[in-house]
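Each in structure tokens, the structures are laid out below.
Across the two complexes that follow, chain A remains constant while its partner is chain B and subsequently chain C.
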Partner chain A sequence: MAEVVLKNAVKAYGTHPAVKGINLKIEDKSFVALVGPSGCGKSTTLRMIAGLESISYGEISIGGEVVNDLPSRKRGVSMVFQSYALYPHMTVRKNLSFGLRITGVAKDEIERRVAFAADVLELGPYMDRKPANLSGGQRQRVAMGRAIVREPKVFLFDEPLSNLDAKLRNQMRVEIKKLHQRLHNTIVYVTHDQVEAMTMADVIVIMRDGYIEQVGAPLDVFNRPANKFVAGFIGAPQMNFFDGTVVAGGVTINGFDGIFPIDPARFNLPAVGRPVTIGLRPEDIVPFGHGVQPERPVEFEASVPLSESLGNESILFAETGTVSFAARMQQPRAVAEGEILTFEADTGKIHLFDQDSGSTLRRDPD
Partner chain B sequence: MAVDLSTLDYGAIARTEARRNRENKGVFVLMMVLSIAWLAPFYYLIVSVLKSPAEYVASHPLALPSGIMPLFANVTDAWVEARMGFGVLNSLLYGVVGAGVAVFIAIMAAHGLARYRYSGRTFWFMLIFAGTIFPFQMYLIPLFFTYLELGLLDTRIGMILFYTAICIPFPVLVMRNYLTQMSSEMDEAARMDGCSEFRLFFSIILPNCKGPFIALFLLQFTWIWNDLIFSTVLTQRVEVRSVMSTLQVFQGAYADVSQTVVMAASLLASLPTVVLFFVLRRHFMQGLQVSSN
Partner chain C sequence: MTSPHNMPDADLRKLDFSRYAEQERRERRRSMWTALGFMSPAIVLVSFFLLYPVAYNVYISFTRWRRFTGFDEWGGLSQYQRLLGNPNFSEAMANTIIWVGVSLVLPVAIGLFIAVMLRGQKMEETAKSIFFLPRILAPTAAGVMWFYVYAPDGVLNSILSLFAAEPVSIGWLYNENTITPSIIVAYLWQTVGLAMVLLLLGLAAVPKDPLEAASVEGATRWQIFRHVTLPLLLPTILVVVILSVLAGFTVFDHIWVMARDFPGKRTLSLTVYMYVEAFDRSSWAYASAIAVVLGVIVLSVTWLQVILQDRIDRMTK
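== the complex of A and B ==
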């Protein structure tokens, strides 16, 4: 069993707390992504689990054992660093075996594990090269190999793909996912890229400013964000937010005529006349007649001063009155600058947030 | 319109390029003059060692020699007259041990200064670095009396101690910058791999300092080899003197040797550093490159 449990974990630098008392249970064999903007404490949290940062307060346990006072090497974790941190003066083979050699693992056991890692990561042809003679993707694989040979209870990844170009990043994403399916170790993966978190993890932990904002499965977090921050952070392009007001039978966007009917069974609606924040993802506001037919549409017209064509789809930046928003156009066609299109907003996909706290107004369970 | 590469006038292009290069002619001439001025003493040294004392007196100092045979007599005379054997061996000892130990200690110090966080580390660095800002001559008199007191005057161990100590501060400066730029994630990876702090230094940090180690060793070796003033003041016996102060027997009112022998001795004395530079040239350049990154 290698579940990782954080209880009220705090990391303070002097009087400045970077991680502000987080509670998190990472299940055995799960792939958990810690995601959030820079400075949210995700890397610090990972480094506390790794033993590279001391734990100022609270408790971290790995596989049932409290590790607060254990040095890194005794925690049964291994880490893949952002810079790979390979030893430049050693060949790939030596990089892989170094940790085992100095901890006195038997020679044939070392050979077995190195051969296994080389096989899993297809490092065979590079075993006698030094890191300087490897490409970025190969170095990344060596770094993972070095983590594998230690046969850790938990793998820690600290933004491992951010030094790679976009194409290689997509490839490595798949490889890491495959690695997890093959080895079944617990993985804690830190990234600022919500796409990586969404595509790879079983569970996403969204952090902000030293706190955990939401923990959940990728689709759960995407479809049912706990607050406005999570809603805006997960999903690209970002969710549209509108200042709205509660009216009889629904909500309306300020400066916009239409009423979005709201089912009171799904939302804790404030009293009529109260302000509310309305969220709609770009894919839930679609130009009429482009392949997508919302179930409960509200129709309106808007002009499109700017559009981004991606080939398979276009992102339209549209305006109506004082309200501007982004919309996703499937089956795209060229849109003239300032062209007026009919849009349909899917009221079934609407998100409502408290205007002051930003918390969702959705009732649980949906 | 696409360019038709087959119809281009390549001759004209080459001439234009050449004209651009010729515009630097003035600079080229200036550089030639400077090179000649700089090479003249070496020319004088080479032609002098190839002349017999009689030939040297008879001809113009810069005239070409008539053969190369007098070289061997000059070299033998120089070696025997000045008892250079001692000087060369002593200087090798001082240079290799002094520079080697100094650079090694400097890397250890720089490792501590660059890769650990603790309060006061800037102070410690400035304290060591202060060793490079005062003129070395300032140490001379206090050092002489201290050595006199401790009985280190005119001893090999005294010379080695002095050279080691004086060669530490500058490498600390270079190595601290070098090690600051090295990824600290590498240390963390090594610690997670199970390294103790000593293991980390010897197995990970030190092997990655090979380039700057060699470059700094070469610089400090050359400084020790070429040192005249400290060797002259702190040693008396020919058995302890370094090669440079050995050469001093050719200087002064009672010196009675031909200029050709003096030149041969100078040539002998400068050979080791030149040879060392050529042997380690590749590492030297790499080491400097890395440290200037």
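== the complex of A and C ==
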């Protein structure tokens, strides 16, 4: 059993709270990603679990044991650092075995575990090299190997892929996921990259400014964001937000004359005439004839002053009147600068947020 | 590659690459001359004030030169033979070896201890300044100060008298058994600060992540220090050791000032011995031979340092 529980965990630096009393239960054997912009407190939270930062207030327990006053080395966790934090003066083999040697693990046991890690991570050919003679990807593997050999209750990853190039990052993403499927440890994974969080984790914890904004399964968080921040943070390109107004039978975007019908069973609509924030993901605004036809479309024309073509799709930055938005063009074709296209917005996929608090107006359960 | 975007391979093969290599060599030679031009003032100064005197010193050591007679004849190795046969030289050498041995161990050991204790403490900056403060005194000034500390009616004996039943009046600087240790204490008081500051800088340059990794991996504070910090600090430690050993070879001012009333002062170190032979006894050639011996030793140590530095670099990278 290695569930990690945070109760009202606070981290203050001087009088400035970096983590503002978060409550989180990380289930045994789950893969949880802490994600958020820099300075949101995700790394601090991880370091509190690791024992590298003291806990100012509240309680953290690992496997049922409160660890607030337990030094790092007694918490049974392994950590992979963004910088890899390898020992520069030791060979790969010694890097892998260091933690076991100093804690007095038997020699043949050390050899067995190091061999296992070397095998899993394909480190065999590099065992006698020093970190300086390894590529970024290889160092990353050594850092992971060092975490594996200790057979920890909990793996902590602190942005482990940020220093790799895009191709290697995708590759390692898959490897870490495979590793989790094979070893079944609890993993807490910090990243600022929402794609990493979405693709790897069972549960995503979105943080901002020391608070937890939402906890949920990736698709859940994507489809039912709790507030405007989460809606904007998860998904790329990010969701379009429009200032809107409630009208009879639906909402309208200010400066735009279409009405988006809203099912009052799904949303707590404010009174007619009240302002509201409307969210639509780029993939839910479809250029006519390019992609899946929405079931309940609102049709309109807009000019496209700028487009980014990615090969398999294009992102169109379009505007109509004073309203500008991004749309995703599947089955793309070249779009001329300023070309006018017909778009269909999918009213079934609309998100509504309170204009002041940013909270979703969606009724729960959906 | 045959495509309209690349030069045909056949054309590429026809190019005379040796011509481009020659071009490059010529450019490199030209920039070397430019560099030499900029360095020439320094080269002239170093030659005139360093290389020439050193060479001249070596030349003198092979003569019988004295102050008033001037150069009279070629002496060959006679000065060196005198050196080897002279018990004063052996004694001065032995004392210098003591100084070097002390400089090898104590500054770095004491400096490291203080640095590790201070590191990350609230009073690190203040304490650092306090420990470094003696360094800004001129060695002679410090020597004069300590001379009075050690005087028979000085501060040290007064303090000792407080603990003893009767007044203490030990002649710290008048006894051959206490004089060198006494000067060494004064010397360390003045030199440990620099070692400490350098080691604090070295500690600050040790990356934090491996230390944290080690603590997560189960290492105690001592194990982290012993297995991670210390190896990563080795380059700094080596610099500190080399600096203090070289200083140990050439220590002069402290001894000269503090031992001014000690009859056996002449042999307290090679530098003092050399000074006395040259300026008190006017044995220029003999003193030059001492200087050459000292120079050779110092050069050997420097050479050793280069080798060690290289090895440590390879170890930590």
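The criterion applied here is as follows: the second predicted complex is superposed on the first by the 366 of 366 C-alpha atoms of A that agree within 3 Å, B and C clash if a C-alpha of one lies under 4 Å from a C-alpha of the other, contacts with A are read in each partner's own complex, and residues count from 1 in each chain.
Everything below uses one rule, namely that a residue touches a chain if its C-beta (ideal position, glycine included) is under 8 Å from a C-beta of that chain, and two chains touch if they have at least 3 such contacts.
These numbers were taken from a predicted model, which means no experiment stands behind them.
Peer 1: Let's test your reading of the overlay: on chain A, do chain B and chain C clash or fit side by side?
Peer 2: With chain A as the common anchor, chain B and chain C collide in the superposed model.
Peer 1: Between chain B and chain C, whom does A:210 touch in the aligned arrangement: first, second, both, or neither?
Peer 2: A:210 sits against neither chain B nor chain C.
Peer 1: Between chain B (first) and chain C (second), which does A:50 come into contact with in this model arrangement: first, second, both, or neither?
Peer 2: Both partners.
Peer 1: Contacts for A:244 in the overlay, against chain B (first) and chain C (second): which applies, first, second, both or neither?
Peer 2: A:244 contacts neither chain B nor chain C.
Peer 1: Is A:36 contacted by the first partner chain B, the second partner chain C, both or neither?
Peer 2: A:36 contacts neither chain B nor chain C.
Peer 1: Give one of first, second, both or neither to describe whether A:332 is in contact with chain B, with chain C, with both, or with none.
Peer 2: In the superposition, A:332 contacts neither chain B nor chain C.
Peer 1: Can A:99 be said to touch chain B (first), chain C (second), both, or neither?
Peer 2: In the superposition, A:99 touches chain B and chain C alike.
Peer 1: On the A-aligned overlay, A:146 touches which partner chain: chain B = first, chain C = second, or both, or neither?
Peer 2: Both partners, chain B and chain C.
Peer 1: By the touch definition at the top of the document, which applies to A:85: first (chain B), second (chain C), both, or neither?
Peer 2: Both chain B and chain C are touched by A:85.
Peer 1: Counting contacts the way the document defines them, which residues of chain A are shared by the two interfaces, the one with chain B and the one with chain C?
Peer 2: Looking at chain A, the two contact sets intersect at 50-52, 71-73, 77-79, 81, 83-89, 98-99, 102-103, 146, 150.
Peer 1: Once bound in the complex, which stretches of chain B touch chain A?
Peer 2: 183, 185-186, 188-195, 199, 203-204, 207-208, 210
Peer 1: Would you mind writing out the residues of chain A in touch with chain B in their complex?
Peer 2: Within the complex, chain A touches chain B at residues 50-52, 71-73, 77-79, 81-89, 98-99, 102-103, 146, 150.
Peer 1: Touching chain A in the complex: which residues of chain C?
Peer 2: These residues of chain C touch chain A: 207, 209-210, 212-220, 223, 227-228, 231-232, 315-317.
Peer 1: Give every residue of chain A touching chain C within the complex, in rising order.
Peer 2: 50-52, 71-75, 77-79, 81, 83-89, 98-99, 102-103, 130, 132, 146, 150, 156
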